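Got a structure here, written out as structure tokens. Questions coming.
Labels for the chains are A, B, C and D, by order of writing; each one numbers its residues from 1.
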Amino acid sequence: MGLFPPQASTTAWHVDALYVYLVVISAVMTLLIFVVIGIFAFKYRRRSPDDPMPKPIHGSVPLELTWSVIPFLFMLVMFAWGTKLYFENYTPPRDALDVYVVGKQWMWKVQYPGGQREIDELHVPTGRPIKLTLASEDVIHSFYIPAFRLKHDVVPGSYQTYWFEATEPGRYHLFCAEYCGTNHSRMIGWVTVMDPVSYQNWLASGASNASMSDLGAKLFEKYGCITCHVTNHTGPPLNNVFNHPVQLTDGRTALADEAFLRQAILNPNSRVVRGYQPNVMPVYQGQIDEESLLQLVVYIKSLAQSPMNSQANPQ
Amino acid sequence: MTLAAHAEPNLKHHFDDSAQQLDSSTLGMWVFLLTEIMFFGGMFGAYTVYRNLYPEAFASASRFMNVVMGGTNTAVLIFSSLTMALAVRSAQLGRKKQLIFFLSSTLFLGCVFLTIKYFEYHEKWVDHHIPGPGFRFDEPQYFHQAQILFFLYFAMTGMHAMHMIVGAGLLTTLIVMAAHDRFSAKWYTPVELIGLYWHFVDIVWIFLFPLLYLIGRTHT
Amino acid sequence: MSTTLPPPQTTERPNYLNVDYGWKSWLFTTDHKRIALLYLFSITAMFIVGAIFAGLMRLNLLFPDGLFQHDTYNKFFTMHGVIMVFFFLVPSIPATLGNFLLPPMIGARDLAFPRINLLSWYIYIAGAAFAISAIVKGGVDTGWTFYAPFSTTYSNTHVILAAIGVFVSGFSSILTGLNFIVTVHKMRAPGMTWSRMPLFVWAHYATSLIQVLGTPVVAITIVLLALERILHAGIFDPNLGGDPVLFQHLFWFYSHPAVYIMILPGMGVISEVIACFSRKAIFGYGFVAFSSVAIAVLGFMVWGHHLFVAGQSMYASMVFSFISFLVAVPSAIKVFNWTATMYKGSISFETPMLYALGFIGLFTIGGLTGLFLATMAVDVHLTDTYFVVAHFHYVMVGGMVFAFLSGIHFWFPKITGRMYPENWARLAAAIMFVGFNLTFFPQFILGYLGMPRRYATYAAEFQVLHVLSTAGASILGVGYLMPMIYLAWAWRKGPRSPQNPWHAKGLEWEQSPTPPPTFNFDVPPVVTEPAYNYAEEVEVGGH
Amino acid sequence: MTPEPTDSHVSHHVVPVWKYLAVFAALITLTVTTILVAQIDLGEYNFIVAITIAVIKGSLVVWFFMHVNQSNSLTRLFVGAGFFWMAILLVFVLSDYLSRGWLPRPIWW
């Protein structure tokens, strides 16, 4: 086995390159220190107990500055490079395919917008950016795919996201990286990267009757959301809300992303849309599990893209 | 290090003179108060974060803080700080009776504070505002957030009250020591140090009071 | 220095060891030297317990499917972490060598508050008792980091007992730090200015600042955690409106600086040893001294680099990343200055020096791999993998433990009045160096390959590296056992040490008898020269 | 024997009683003020006013009752350090919470 895990995402290359930069700098520094110490240790070894006392050298400010500034310049490169890559890795492109993941002691539940579901498996095509939306049902987990050089903690109470674009078809490890209890080391699975054609076939073979947004629409009726948000307008209309800025009663503006929608369902009064009353919508915290919640969110997202619905509500 | 220096009765063997000993004790107390700042600082940090996350809920929950009791307690504690400062002054002047009077007043005021605190806690108990399984809140949408505020309220005021109880114990010791003529105008370090501690506990309350009782009161 | 000392005597002169006998003379002592020894034995006992857990972990990891139940393994690594961090590493050098040497090094008769010093040991023992009782009652499985909401809601082990142990032992650490700060400020001998203080003292001063400022925060965090576990009021529980990331912030506010509590005193030891065995003043004294303080201050502003993938804001992460690189600079300054100290020295290679050289090498690797983890995009891949495990073991074992052993050997004659067997000691140092690298170097590779930490079982392809690591651990274990045996032997039977066997500079060697009397000095010391003034050595004591 | 400047009796000045009473009066006045101001809706300024008054009150206690006005610079340094470190804690923790909602900008390089 080599020193690198397989490179299977567009970013893996970049992370490896930065890693190699770090290894080279570190190796040079380490060698430098080792060699210099070795030379000094040999050259200036005490040959007999009566050797004369060496002359004291109290230091040199130029030297101190040199060995402070030069390493720091290399570190600035590490900082800039690492930060750039980090921001890129956590800023999903707009055209990314969505995949939704729920972590639960001790399994990963994956949902695709088309309604396909898997446990401890993730299937993705090559050549398309994939955006993961991560939620946790219980404790903190971490969705880690070494071949993509990416992970992110899955923090209960919030949505965390990251994105990647797979490059090499194959099967890769999927690990939970944040300790989550007894079977933490069994909370593992596989990521299968396929070429786009096989991926379409795979999606078709696993297709269920209802897509995520269909399921969400059912929940929308079941929980009575439809009454206020569509029928009698006591709640803000939800068409064309997703990914748009929303004016709040406290004067602030928020972007209605997935996290906002999640919060708006679970704790509606934490941020109230301007023009609407607080304490009208019931609190759904503890009433709805993460998978269903994702379906609702996906449904609301779908409203933003459907022209028919947006006509129904000019906003 | 002279023999004369060691002849002083309250001088510990490893110090050179009483000046060094007093300096060390005072600095030690200040360093201790430094740790106390950070100890409460952790809770102030948590408070700041949650207040920032849930301003509405915190405003709603602070309706249930009893400003009359809290305000009275603030005044009581400030008054006790005054008597403590006067106690230190009496010690400086070597006035034993005055010292005992002011220490006792401080202790009494401390007990008044704790008594009022008890009634306040009791009120919270009656209203089911103790965080945990029995917690109730009249605005269900703020139930959880309000519970966090009450959690912080009890953690912060509870820790503060614990410091008060320790302080009361220390004051009692001082009174006994003073009654036994242990202090003089030349040596009254314990009075001085426990004074610092008492004032610190006062300062913590000075910050707790607005944060827990006042902020967000005007919110409707 | 002009003070002449009596030649070593055949019959022991009165010293802190023979001044009194019996268990009472130890358990009620206020002598900082005796308290240091109480600490030394206590932390060694805790180290052995922690090391046994480490051994069991390595045993489990020989096989991809593990050897023990998952829960059992989870308890192993938790107890290993809790004990090693809070009950060995944090008190290790400060409470033993620091306690013993800080007063004589600055010319004081004792620490400023001897009774508080003893109290801190009792508090430590009380904390340790809670931790041990948590083990005896069945252990804890949260990891030493106690992350919420797992620790508050989901774990059904003895979290509260362990938490109380950590909470209580924290106060022992605070009191030690407080004592050191006041002692350094107020108890220095005439002429012992700040710029003449040994770097060991500077390092301990910086350490004490962290102990005093950081520990209370983790203490209150642990209290909140325990309350949350009892009440389920939601302060760290997202289902009840709390934020689990807040726990991580408060926890790492202490626990990252705590890493510097562990390494700074070690750096102090290394400065003393390198200077002595090179017979040269430390190169760039001022830079080394101030770098300790810089590390202590900057170290408080970097904790967020533990949270790069935890849901922390990207912008906050960026700031934390930048300051993490900044804090690497003073560490690098130290390494360069130690190396430069050897230049044109007169270097000899007794055991303390071997450990010190080992320290420089291993700490360099440990420090540089820290840069990998400060680099955000690389940290995303490496965090929570074995790379992190390897990194902090290079710093804490390769750094701290090596420095500790260096110091223990260096001052063994001072402490006991006897010499240790040099050849055995050198052999042990070599074995430890080999064993250590074999244990932890493969873990860097494992980490980059993607092996997550805290896994009881793992994918078969990682086995080779795990077997190597376990093999190294068994060598390391032998290495650890050797000093325990030969030092115990030497304490009873070793040849008597001369007053200053290394011809070292410093008040503790030159003006305090070996072993020191109860108040450290026969004649109150006066300092007239800077530290490490080796060039003007007057032969003292002698063989 | 200590090399630093020390003042051997930290509170060698006996402060006249009227000074303590004046500080006390100021503290009580400020307490009443802060309670009264809290009844008026000033929006976010309520918070600022309350904290400012608390800081003033705390400073009065530190400065006069705790005799920092008579203390040496070392004591003042430690008092300052306490508040500085608490500021580190609050500022850096808040730096996360306040910037979490920021949108990831388009990459600017």
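Miscellaneous remarks
Heads up, the rule we're going with is that a residue touches a chain if its C-beta (ideal position, glycine included) is under 8 Å from a C-beta of that chain, and two chains touch if they have at least 3 such contacts.
Computed from a predicted model, the values in this text were never measured in an experiment.
Across every pairing of chains, the maximum count of C-beta contacts belongs to A-C.
Closest to the middle of the protein, by Cα centroid, lies chain C. With centres set at the average Cα position, the gap from chain A to chain B is 45 Å. Centre-to-centre separation between chain A and chain C, using Cα means, comes to 36 Å.
With centres taken as mean Cα positions, chain D sits 40 Å from chain A.
Taken residue by residue, chain D touches two or more other chains at 1-2, 6, 74, 81, 85, 89, 93, 97-98, 104, whereas all remaining positions touch fewer. Each of residues 185-187, 213, 217, 241-243, 245-246, 249-250, 253, 314 in chain C touches at least two other chains.
Counting partner chains per residue, chain B shows two or more touched chains at residues 1, 20, 23, 27, 31, 34, 38, 41-42, 45, 49, 53-54, 144-145. Contacts from chain A toward chain B in the complex involve residues 250, 267-270, 278-279, 283, 285. Within the complex formed with chain D, the residues of chain C that make contact are 185-193, 213, 217, 245-246, 249-250, 253, 300-301, 303-304, 307, 312-316, 319-320. Residues of chain D touching chain C in their complex: 1-4, 6, 74, 81, 85, 88-89, 92-93, 95-100, 102, 104. Those residues of chain C that touch chain B in the complex are listed here as 108-114, 116, 174, 178-179, 181-183, 185-187, 212-217, 219-221, 223-224, 227-228, 230-235, 240-243, 246, 249-250, 253, 519, 524.
Those residues of chain B lying in contact with chain C across their complex are 1, 12-15, 20, 23-24, 27-28, 31-32, 34-36, 38-43, 45-46, 49-50, 53-54, 131-133, 135, 144-145, 147-148, 150-152, 155, 159.
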